[in-house]
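First comes the structure, then the notes that go with it.
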């Protein structure tokens, strides 16, 4: 195991931690909008950290750059799909949960 | 150390240059305004139609070449094979795609500003990344803490941004920053769902909006638009 | 499904993504030799990019870019490219779809000629699959009833 | 083939299949079918069939779900069983 | 009725499971599918077609006629979709008033 | 390192199972869509991890790219359908 | 016994999957459910075909180190069997086009009878 591979492990574990947090949020939060908070933010950063870890493990090559480009597209697509589905919920008249 | 000093001096020089340019623009603007008022209305309209047609074609050609080069860079990155055969295939397919969709990628962006835009974007990127990181820590804290201290509310605000690309940037960065997601946009009014009353007050300072306006040159927008018109007329007069 | 709505964010992101999806689809078609991919996969992705345009930009704008008539023509022409390459081999004096004989006109060794023949066939398959996927989605999402232009405007406004 | 992944994915696929045919709302059934295709793609790439996984990925993400949703939008959404 | 259905399904499943006894083990390198024709494809693909991806070379070269048939099937599916659903523009007004499919 | 990737993959599969709970039982279509989108991102990472276990990651990265580019098409379509029909 | 289960369990799961699809096709009244069941049935069969291609400790059917030296001997046992992959790859795309045709017929049925339940359609037809 060389230094680059050792360096990739913290990134991968950090990505896994944020995936875990997002999933627990998806299960525990009380209503749809708050669940979107979990998936919309958590998954984006988790994917970013995991992909950085994997490309560091790969070393310097075209494949590593491709893996980073996947992260760029995820950054465009993930918040947009969050926005789209929450907009549909708003237009359908879904009431947000309020603390009593 | 020396490098930072160098960068600082370069920045300062750039600022001075920009200031001088702004002054020159204002001067041009006032002079050309006087000149254009003396013209008859119909001649002006005809000239504008002709010029806008010419400008449209020019813009289309610029869009085409810029799209082509961007897609070709993406192709080389994807392909990873640098022999002649694959590069030829790449050129052919990039030509095809930029013929099919040249008006999609840079539809509402002024081409000349792209260099400055990239520079400002990379200058602002660390701030956004740190925001995203704190957002995730916040969500992780909320999700993993046993009591789950949330207090959701919906707030709305008007924005001063104009082009749709900067709207996209604003909406996506609101979604990615702590405790807020964009849920709807109606007539330039953003509806934001905040998970906490405290983070809702953070959004009111408008720091993010200012940053995005700086990155996408919304603040300089009006001057540049006028300068484009004015320089045209000015050249005609000369 | 095909009506135009006021979703500025989604439309702008789709506009940014569509050229990249298309160039990626062409990459998949052309690099089926060295990595996974080929005509079927690339054709489906290329069709998906047009479907994305149809969903986000509405029927009227999408028909200016890719109409149902064009889709029909493309779907037939891809099949013609495929069988045309096979027929060319037949004319050059070997079996149907035996690309080794293409080395006579391409001036390369037979193995390379086979590789180029595979490329041509993949392009034909890709065009057909793209057009058919778009056409099927077009028919199902509109229900087969294509409104006149004025009626689309009425519906939107 | 990666044997530990195999059994896990097969169990997940079974859950998805049973859920997809027992949900009364057709739109929900279509969405669960989308998850089913994701897991299918994982299964095939785990077995080493990269091309098949590629086809399934592009087909399910690009066409399949969208076609079914379009069809549901043209017909009725609720089903009796 | 429902009991009959479930019985049919279970019996069919049991027959099929009985049939798997004679199947080769999962991941067996010497199973019948991978011993007869596919080693030849794998060994010759690089020398004969200059294509490292064996799947592509089998798809488009060794079994090209097969793929032509599959492409024709896809084309036919597109054409039949058009034939089933699409109505002509001139008849549209009439279609909306009366039921179009009775004739 | 292979074992590490194997355990990471198994952990991600456990998270997929948790998301699938929301996907199967979650009240209404909207929760299901959110869960499926989360499963899509996890799928993307698991595919790359499989590539490292096979030690041929340049073949698997293409499939991952397809999911990154096309995964939001399904979500957008569902959103548009809900917006058109107006009922959840 | 344990070896028998390990070597055969995935065939049993494929058959279970296939039977789920079969039950949806013959037992469910709604036509869209039937189409979904047909989809599951097809994927189960494709899964069965792909699983016959797998070999223990073999890599993907894409020849490595192809650039430059084409002379080195290729061991067929160390690569997966490409033939089932080819057959099933086309089957997936054909599956989607049959799905399209099925949905088109379904829309036509809905326009004519205004319902998608099988028993109601049979009653209306009398």
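Per-chain residue numbering starts at 1, and chain names A, B, C, D, E, F and G are given in the order in which the chains are listed.
Everything below uses one rule, namely that a contact is a pair of C-beta atoms (placed from the backbone, for glycine too) under 8 Å apart; a residue touches a chain by one contact, two chains touch by 3 or more.
On a predicted model such as this, the values are computed, not experimentally measured, just so you know.
The minimum number of touch steps linking chain D to chain G comes to 1.
Contact with both chain F and chain G is made by C, D. Chain E has its Cα centroid 47 Å from the Cα centroid of chain B.
The geometric centre of chain E is 8 Å away from that of chain G, both derived from CA atoms.
Distance between chain centres (mean CA atoms), chain A to chain E: 36 Å. Rounded to whole angstrom, the centroid-to-centroid distance between chain C and chain D, based on C-alpha atoms, equals 24 Å. Residues of chain F found to touch two or more other chains are 33, 35, 54, 58-59, 62-63, 65-66, 69-71, 73, 76-78, 80-81, 83-84. In chain G, 10, 16, 23, 51, 53-56, 58-62, 64, 66, 84-85, 89-90, 92-93, 96-97, 100, 103-104, 107 are the positions where the chain touches two or more neighbouring chains simultaneously. Residues of chain E found to touch two or more other chains are 26-27, 47, 50, 52-53, 55-56, 59, 67, 74, 77-78, 81, 84-85. Listed in rising order, the residues of chain C touching chain D in the complex are 1, 28, 36-38, 40-41, 44-45, 47-48, 51, 55, 133, 136-137, 140-141, 143.
If you check the complex, the residues on chain F that touch chain C are 58-59, 62-63, 65-66, 69-70, 73, 76-77, 80-81, 83-84. By the touch criterion stated above, chain B contacts chain A in their complex at residues 77-78, 80, 132-133, 135-136, 139-140, 142-144, 148, 150-154, 168, 171-172, 175-176, 179, 181-185, 191, 193, 195. Contacts from chain D toward chain F in the complex involve residues 2, 4-5, 8-9, 12, 15-16, 19, 25, 27-28, 31-32, 34-35, 38-39, 41-42, 45-46, 48, 50, 53-54, 57-58, 61-62, 65-66, 69-70, 72-73, 77.
Listed in rising order, the residues of chain F touching chain D in the complex are 6, 9-10, 13, 16-17, 20, 23-24, 29, 32-33, 35-36, 39-40, 43, 46-47, 50, 53-54, 59-60, 62-63, 66-67, 70-71, 73-74, 77-78, 81, 84-85.
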